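Lettered A, B, C and D in written order, each chain numbered from 1.
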């Protein structure tokens, strides 16, 4: 349900109100929102990291270092695009492009507020999860193509990690789907007007949070570009703008993961006083702060522990949780 | 020589770079100045410490002398680094490594020779010395020299600021001097 | 940990590839080159290649008089520079039979223990950074900065000290240093609680360090491992206690040891040693005797002919100076026993079978300084 | 001021070393002045026999080093123990410039690297050493730095009174 479906909109805007136009305008908004969002997030991450580590973080560029990320982006634009020899040229060039595409698509079904939603796609979050697996293919392509042992190890790790954490991710969302018997994110958010789902499904919420952190290669699971082992993982050989595209994709995936968590468990746009969208963004950014906070306090898990944790711990718990929800729903 | 703002991807002083360069926006001065400004306000050093100066380089990155204030994030891979801080003595066994790292760094790259050993061999250079190279500038072109053994972290930060002024104000001054010389030559 | 012995050599040779944890790598603490032979992510063989920061200290000793060689020891192991500096002075004093006044011995103990705390902070927090936790690294260095201020107050330099002289120390400690150290001790004791919560009880940290890189007692003996790495394997050997030198017999402190011998044990030994060093400093400050700070020593020392070996406990293990003198002002030969040299070689025995991430952990837990290995 | 335990250990050591290396002179030296308790002076050989007895007595091989006395080398092996009373034994052997002593790496694995370093700086080739190659100097170096006739030392030019 979005703004264009309101009855009087069509006769006011006529041609502008049609689905195609609203989709186009929505995509334009995403194209503007995502890079700015990433710039803000990178700055917030460096500030949060600084203050956790007793230091102020970027201060020189702009008042209190506000423009630091923009300056970084401009610098990366001006860097030389080194294409190392012996690399698999087409794959090397294509990988950063393919990694960013699914990140943008993820914003379409997100219900920012009852009226502000680009398209309430009826497959809802399945669209997001399926596109996020394309991101993994591009990481593998990037790691393989840059002809560097460190990036190959990083890429292979990222595939194994994403495959292992895709399953608990879906299993933890299934109880929500069973409770609201719909895939549409808009309706899931709407169903939480009374009590937020986090109180119904605390276990699913925890599993979802862990799985999304692992899915976006963040915090204790960032084995893919673990600085201290693999120099910098799959994007070791990427310079300039290509490297920043990987950065863009990583932070956008993080935003989508946090947004999904708020839609499923924290009641989307419901909040006492302020309008819907403000509540949605407040919850999302708080979750992002928690992810950043985790990154700067926890060391990195080893690869075999990562796999054991997913297959032997998360998936069984998610299945049991799903089973209990099914029984409870049947009984009620 | 008439310096009209260095082209975007200036390889440091004639050191041939591994791959070809991307097309440069040359001559349109305001964009060039903005790029220079951006380039020096986000200097990413390569984590490459050799000896005692490396500890002082790490101390520059810590809470007290924090270099993150200047937008400096140490990067592990030479591909994403702008500045190579040669911190420590350079033995013969390390020369090829330093050259390879320098070549792998993408253009506009700068080099800081930190500590006496990187400037001239420092306390270890005497005529019977067989093990070390007397100074980093015998291998790679160096932009800023920081004396001290080891130099204090503030000295390293001042080295970074020296690079910042050199590649922004320094170029503007060079342009002004060149125009003045051109005008005088016309008279 | 995968058991390598089960895979026979034929299959290994096909699946094996070589990876350079090369001279330039974020977690090799300097320019250490670990040539790993990997099967997938499991290490089959590891060969540390050293010499990337060799500066010819021992050759320099042969054309400098004893006094000119004073700055060199601190540049060998710059993390425990003060300890090495006092060690060199002790070696020449033993050779020439110079008697050091008690106040100088006390000041040497105070400055060495301060330097040991600073070095252990780097050792433990670099290990934590190798596992991926960056915040403890910055917290540890924040505390270390206080120590550097204190030592800079009296010796003038932050890292490479030339504070010791033959027969004592360069100058007396000031009132500021005395009060500053007292304040520092109280602040440090309150900080242990922060590290306890941030790392010591951190579940992921413990899971990454338990049963990783176990050094048995026999390996330690055969490879000549000393220092916290040895004490992590349950052997109670500390040169300050076993072969008391300087003013250490007058202080009461015990030697922390652990039995498991894995990375966690070595980390805990180093953290426990912080507290012991703080106790020693406190006792030394309480009973600081008055008196001169340097013995009457001729300007240029000319030791009698002969040789002597002096060992002392650096932050990494039992370091030592073996000086051969031929009666002139220039030493005939100075051999430095670097504890990191033997501690590093144990890697070749304990690393096969571990993952790549464990190699970084084990290498960090052994805590070596590269110029000390290459001298 | 040797403790009782040390005296007993020294007597034990002397007896076992005497029957292991009959031709070596074993003399006790003053720890306060020299830093080691026992000095074993060998001339023909017996390094491995000394090493074996030391390992049986649970000693650790602290360092292996060489000193270049123009006409001959002197190999110095230092053993220290920490299991019972602390005690340090120094084994000294004079070898000709081109002699090839036997390596003790079979007994003490630590000796693999220590002997490689001695080879790297002095050029003394050890027999039966697993992989004797340079360890610290660049692999293609053709010089042995710590020899007295290499670089600037007392014997190459007059440097006795450097005061600068």
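Just so we're on the same page, contacts are C-beta pairs under 8 Å (C-beta built on N, C-alpha and C of every residue); 3 or more make two chains touch, one makes a residue touch a chain.
Everything numeric here is computed off the predicted structure, so don't read it as measured data.
Between the chain pairs B-D and A-C, more C-beta pairs are in contact across A-C.
Centre-to-centre separation of chain A and chain D, using mean CA positions: 63 Å. Look at where the CA atoms of chain B average out and do the same for chain D: the two points lie 47 Å apart.
For the pair chain A and chain C, the distance between mean C-alpha positions equals 44 Å. Centre to centre, using the average C-alpha position, chain B and chain C are separated by 33 Å. Multi-chain contact residues, meaning those touching two or more other chains, occur in chain C at positions 25-26, 51, 54, 56, 59, 63, 138, 142, 374. Shown for chain D are the residues that touch two or more other chains, namely 137-138, 145, 151-153.
Listed for chain B are residues 62-64, 76, 91, 93, 126, 128-131, each touching two or more other chains.
Applying the touch definition to every pair of chains gives A-B, A-C, B-C, B-D, C-D. If you check the complex, the residues on chain D that touch chain C are 32-36, 55, 58, 60-63, 65, 67-68, 76, 78, 80, 82, 86, 88, 90, 108-110, 112-114, 117, 121, 134-138, 145-146, 148, 151-154, 159-163. Considering their complex, residues 17, 19, 25-27, 41, 128-135, 138-139, 142, 198, 202, 204-205, 207-208, 355-358, 360 of chain C touch chain A.
For chain C in complex with chain D, the touching residues are 50-51, 54, 56, 58-59, 62-65, 68, 94, 97, 221-224, 226, 235-237, 242-243, 300, 306-311, 318, 320, 322, 324, 328-330, 332-333, 335, 337, 341-342, 345, 349, 374-375. Looking at the complex, you find that chain B touches chain C at residues 46-52, 54-56, 58-59, 62-64, 76, 78, 88-89, 91, 93-94, 97, 101, 123-124, 126, 128-132, 149-150, 152. Chain C contributes residues 22-26, 30-31, 51-56, 59-60, 63, 71-72, 75, 78-79, 122, 138, 141-142, 145, 148, 158-160, 370-371, 374 to its touches with chain B in the complex.
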